[in-house]
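So that you can tell them apart, the chains are marked A, B, C and D in the order they are listed, and the count of residues begins at 1 in each.
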C-alpha cells in the first residue's frame, strides 16, 4: 500500500501544539502514522529547510449550489468575469483551491430541495473533500418547532433530513424572510412576529442553536445575520448574540479531545459593522469563548459574483443603478435567493470599511482559535488573494502599503493605520487550517498532522525560521502563491505547477447522535406535512449518491 | 345563471317574485322547480326537465345520478381528483394536487389509473350525500379541460 | 370553380393527440397521416374556401408547400391555420436569422384535389434535396 | 406497488404508483396519459431493440460490437462533429455527452437552446424572477398562461398549480385567478371560472401587447382606445390590474412566446415588463416559470453551466472551449459539420425541411429507444434504455428542482443506458488512439 515520508520539514501543527519543529511526517494508506507497517515501497520527499503545514480548510464558500449556476449564467456575458473567474467552472474552482493549499471546502448555503444538485456537483468537484450546510431557516415543516420549543420533534426531523440529503450541518439565514412576497417591505425588528407566522426571527436563531446542540452535530449552527453591509446589521447582530448567550448552552462536543468549543458560528463577521467600529463585537468575543466567527476578507477583485438571500443588500445594489442584473429565485418555500454581480472599489469608503473590518477583528480578538479566515468565496474575494491577505495579517508594513491605494476619506478616519499588531506565522496557520477544522468538528482528521489524521499537508519552499515574517513579505507571499507540494491523503496533488485532479474527494456528512424512540411517529407527521403542502414527497429528498463519495462523520 | 335560462322568464310573479329572484332561490335550495306554476305547463316541459336535471334529484328518486367519464377524451390530468371536495376531505395528498395513495380511500370518488380517470364510489358524491347548496356541486364537470366528465341523471 | 386564395397566419402546435414523437410508427403510416397531415381552420374560413367541395388544403409559405387535410375547428380564430408540429408542417416552416420560424407565419391557403404527401415521399424529399 | 417518478414530461411527478414485477409494468396509477404513454413505450412495437447499420440504403440489424466500431470509425473520420439532444437523458448521460464532445472537438447542444433556454439567455440582459411549484401551490393567486397550452403539454400542471389548496390559499381554485393569453382556444380554456380572464390575442401581436403594458406601467392611460393586438381596452385594463394587484403571480411562458416576432426580442421585453411591475408592486410579486417539453430540458443547462460556465452551445477545440456565437441552427444552416450524433431526440420531425435536408447529407448517428423520422435517415442506430423506467438518474424539473428518477424494471435484452453507450464510445475512442 502507498507510503509517503516527508523528511526533515519544519512542521507547524497548532492542534498538536507543534510550532516549527523539525520532524518527519509519515503517511500510510492516506493516514498519518508514527511508523510504517513495513519498510518497502516508501516514497520520500525531502523537506529539509522547507515548511510543512496542514492543508487549508475553507469554512464558508458558495461553490456548488444552484445559485452558483445562475452566477455562471450572468457572468457568461461579462468578459472580465470569464477572464478573472474562468467561468467559475467546477474544475477551475478545484484547481484554484488546490493551488492555494486547500483540500476541504464547506458549501455554506444549500436548500434541502436543491441538495441533490449540490451532491451531483460535489461528485464532479475533483480531489477536494467537501461538505454542505442545509439552510433550514425558512422550512415550513418546522413551523411548530420554531414557535414552541420541541427538541425531540425538531431534532428527529433535522437528523433525518441530514441523513436523507447527506448534509453536514445547518445554516440559519434570514429566518422567514420568504414571508415577504414582495421586495420592498422588510422587517426592521427581529423580535417582531412574522406576517403569517406566530413567531419571530430571533426565535429561529435561538431554537436552531438549541436543536443543533441537541443533535450533537460536528459543527455548531452556522449563522448569517440579516441586513449585512447595511446599518441594520449591527443591532440585529447584538440582539442575536446576547440572546444566544442568555441561553447558557455549552457545546455538545466539548468532551472530545480536539473539541469544538463554540455553540454559534458567525459567518463573514466583517460585514456587520458598516461604521467601521468593531469594538463592541471584539469585546463580546473576547468575553465569550463559546462563540466563533469567520473573517470574510474582501479582495477588491475586478468583478465579484454575489449570492445572497438578503433583500436589503440587493435593494441597495439595485438602487445604486448597478449595471448588473439579478436572478431571483424562490425555492420550494425554503427561501429566496438573489444572484448578481458586483464590483468592490478601492475608492469606495464603505467597501474599504468592510475590508478593514476583517483585519480589525483578526488583530484585536485575542483567541486565534475563535476565528477562521474565510473570503466568502466567491462573494468577497477570489481564493487566489489568500497570499496577499496573509501578508496583511503578518506585516503592518504590508498593511500600510495597501492603505495607500484606498479611499483617502477612509484612511483618514480609520484606526487601522495606527494598529501595529502583527500575527505570527503560527497564528496564520491556526486561522486557515487548525481553527476551521476545530470549528467544523473535524479536527481529529483535518487541519492536524498528528497520528491518525488524514495525510493532508502543504510543503512551502521557505524556511520560516530564517525569515522575518513581518519584513520579508514578498518571500511569504511567493511561498504561499506557489506552494511546492499539496498532498492529500498521502497522494501528491500538486507539485510546483502541475496539479493532478484525478482522485475523488469525499463528501463529509453527519446526522448527529440524537436518538428518539418515537421517531416513526414524528416522521410520519412530517411526511404528512410534505404531502399536503409541498410539490414533492418528503422521501423524494433522499439522495442516492454512491458510497464511494461519502464519509460519515459524527 | 344557467338556471335562469330555463325559467319561463315571464315575470308573472305567481310565485311571489321575479324570475331572476326565483332562480337565485332555486340555486340556494329555498324553492323547488315545482313552485313555479307556469313551468308545469306543457309548453315548458323540456325546460322543466332540464331544470330538474340541473338541480339534481332532490325531490325524488325517479332519476339516478351518473358521472360519465369519456375515456376517449380524458387525458388523466387529475383535475377532477384534486378539485372534488370529497376527495379533498379524505385524501390529504390531493390538497397539493398530488395523486392519492393506492389503494384508494373509502370515500374517494376519482382516481387516475393507466392515464385515464376512473370513477370509484359514486355514493359519496356531494350530489347524493350533501345538504343544501353543496348538492349543486359540479366542479368536476365544470373544470375538466377535455370536457370528458359529464354529470347526468338517467 | 373559382380559385380563392387567402392570406392566413400559420401556427404550429403540439396537441395531445397529434404529437409526432409519440405517434410515429413504422408499421402504421396511415394513422400518422391521419393524425399529423392535417390543418385546423375556423369553420367560417372552411366555408369561405368551400373546402367541402375539395378534400385537401394546399398551404404555401416562403419556405415551401405542403398538402394536408383541412379540418374545421371552432377554437381556431379566423384567418389562422393550425398545424401539429410534424414532418408535414416542417415543409413550410423555416429558419430566419439562425432561429426557427414555426409560429405566426404568413401563408397562402388554397384548396386542391392533389393527394396528401405521404411519409415516404417526404423522407425521400429530404434525402434528395 | 411502488411510488415512482414519472419522466413523461418536465413536471417529473413523484407521486405516481407503479405496479410491477420487475420485468413488466402492470399498471400505473396517478400518471396522466402522457406519462402512461411513456410507460407504454417499454413494450411498444416502436421500440428499437437491436443496433442498426445502414447497408445498401436500408437499415439492417447488426451486432453491438460492429455498430460501436462503425460509430467510432465515423467519429474518427469526422472533423466537425455535432452532438445534439440529451434532453431525454439523465444528467449523468449529459455529462458524458459533454465529455465526448470535448474528446472529439465537437459542438454540443441540447434541445433547450431552441426552447426554454432562450428565456435564461435573456435573463442575463434583464434579470429574472423565478419560482418553484411549492411556492405556487401555497402562495400564488394569479396564474397566467401566456402562449402555452398547459392542459395538453403538461397535463398535470394546472392540477398542481391552479387546483391545489395551499397553506395560504386554502380555498384553492376559488382564490386563484387564471389568465390565458392565446390566439387559439385551447383545452386550458375549459378550466376557467367566471372571474378568470381569457384573452384571445391576434397571432403574432404579443410584442405589441407587452410594449403597451410597459408604457402603461410608466404612464397611465397609454392604452389606445381601439385596443391592442386584438384585445380591447377593458381587457387590457383587467390584465394590468391583475398583474399589478396580485400577491403572488406566476407567468408560465409557453412556446407561443418563444418564437421570434418581427425582429424584436419578445422575451427580453417580457422580462423587463415583469421587472417593472415588481419594482412598482407593493403587495406582491410576479414570477416566471418555464414549461419545457422534454423531461430533462433544464438538466443540460445546469450540467454545462457547472462544468464550463455556459448554458448551451459548447464548442470544443483542443480541450478548450471556444467562444462562439453559433447555435445548432446556424451550424446546420451553414453546413458547418460533417457528422451528427443525436441522442434521444428526433430533429427531422422538429426542424424545418431546409435543415433536415442538410442533416441528411451527412452521416447521422442516432442513440434513441424508438423509431422516429430521424431513424429513417440515420447511418447507425444504437438502441438505449428509457431513462426513468429502465435506468435511474438525475433530472431537473421545469422549475429547476433536481429530482432523482428511479429504475423500475430491467431493460429488455440488456440494452445499455445513454450514459453507458456514450462511455463505451469514449473508451473505445481513447483506446483506439483518439481522433
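Keep this in mind: a contact is a pair of C-beta atoms (placed from the backbone, for glycine too) under 8 Å apart; a residue touches a chain by one contact, two chains touch by 3 or more.
Computed from a prediction, not measured in an experiment: that's the story for all the values here.
Student: Taking each chain's centre as the average of its Cα atoms, which chain lies closest to the overall Cα centroid?
Tutor: D
Student: Return the distance between the CA-based centres of subunit A and subunit B, expressed in whole Å.
Tutor: 60
Student: Taking each chain's centre as its mean C-alpha position, how far apart are subunit B and subunit D in Å?
Tutor: Measuring from centre to centre gives 38 Å for this pair.
Student: Nearest whole angstrom, what separates the Cα centre of subunit C from the Cα centre of subunit D?
Tutor: Each chain's C-alpha centroid was found; their separation is 24 Å.
Student: Touching two or more other chains, which residues of subunit A qualify?
Tutor: 533-535, 537
Student: Spell out, as numbers or ranges, the residues of subunit B touching 2 or more other chains.
Tutor: Residues 75, 93, 95-96, 98 of subunit B touch two or more partner chains.
Student: Which residues does subunit C have that touch at least 2 chains other than itself?
Tutor: Correct list: 16.
Student: For this structure, give each pair of chains that are touching.
Tutor: A-B, A-D, B-D, C-D
Student: For a test of understanding, state which residues of subunit C touch subunit D in their complex under the given definition.
Tutor: 9, 11, 13-16, 20-22, 24-27, 63-64, 74-77, 80, 82, 85-87, 90-91, 93-104, 119, 123, 125-127, 129
Student: Please output the residues of subunit A touching subunit D within their complex, sorted ascending.
Tutor: Subunit A residues touching subunit D: 64, 66, 68-69, 72-77, 82, 86-91, 113-114, 116-117, 120-121, 124, 140, 181-185, 196, 325-333, 533-537, 539-540, 542-544.
Student: In the complex, go through subunit D and note every residue touching subunit A.
Tutor: Interface residues on subunit D, with respect to subunit A: 3, 5, 14-15, 91, 95, 120, 123-135, 137-139, 160, 166-168, 247-248, 278-279, 281-285, 287, 301-302, 305-311, 392, 394, 396, 400-404.
Student: Of all residues in subunit B, which touch subunit A in the complex?
Tutor: 92-93, 95-96, 98
Student: Tell me, which parts of subunit A touch subunit B in their complex?
Tutor: Residue positions touching the partner: 528, 531-535, 537.
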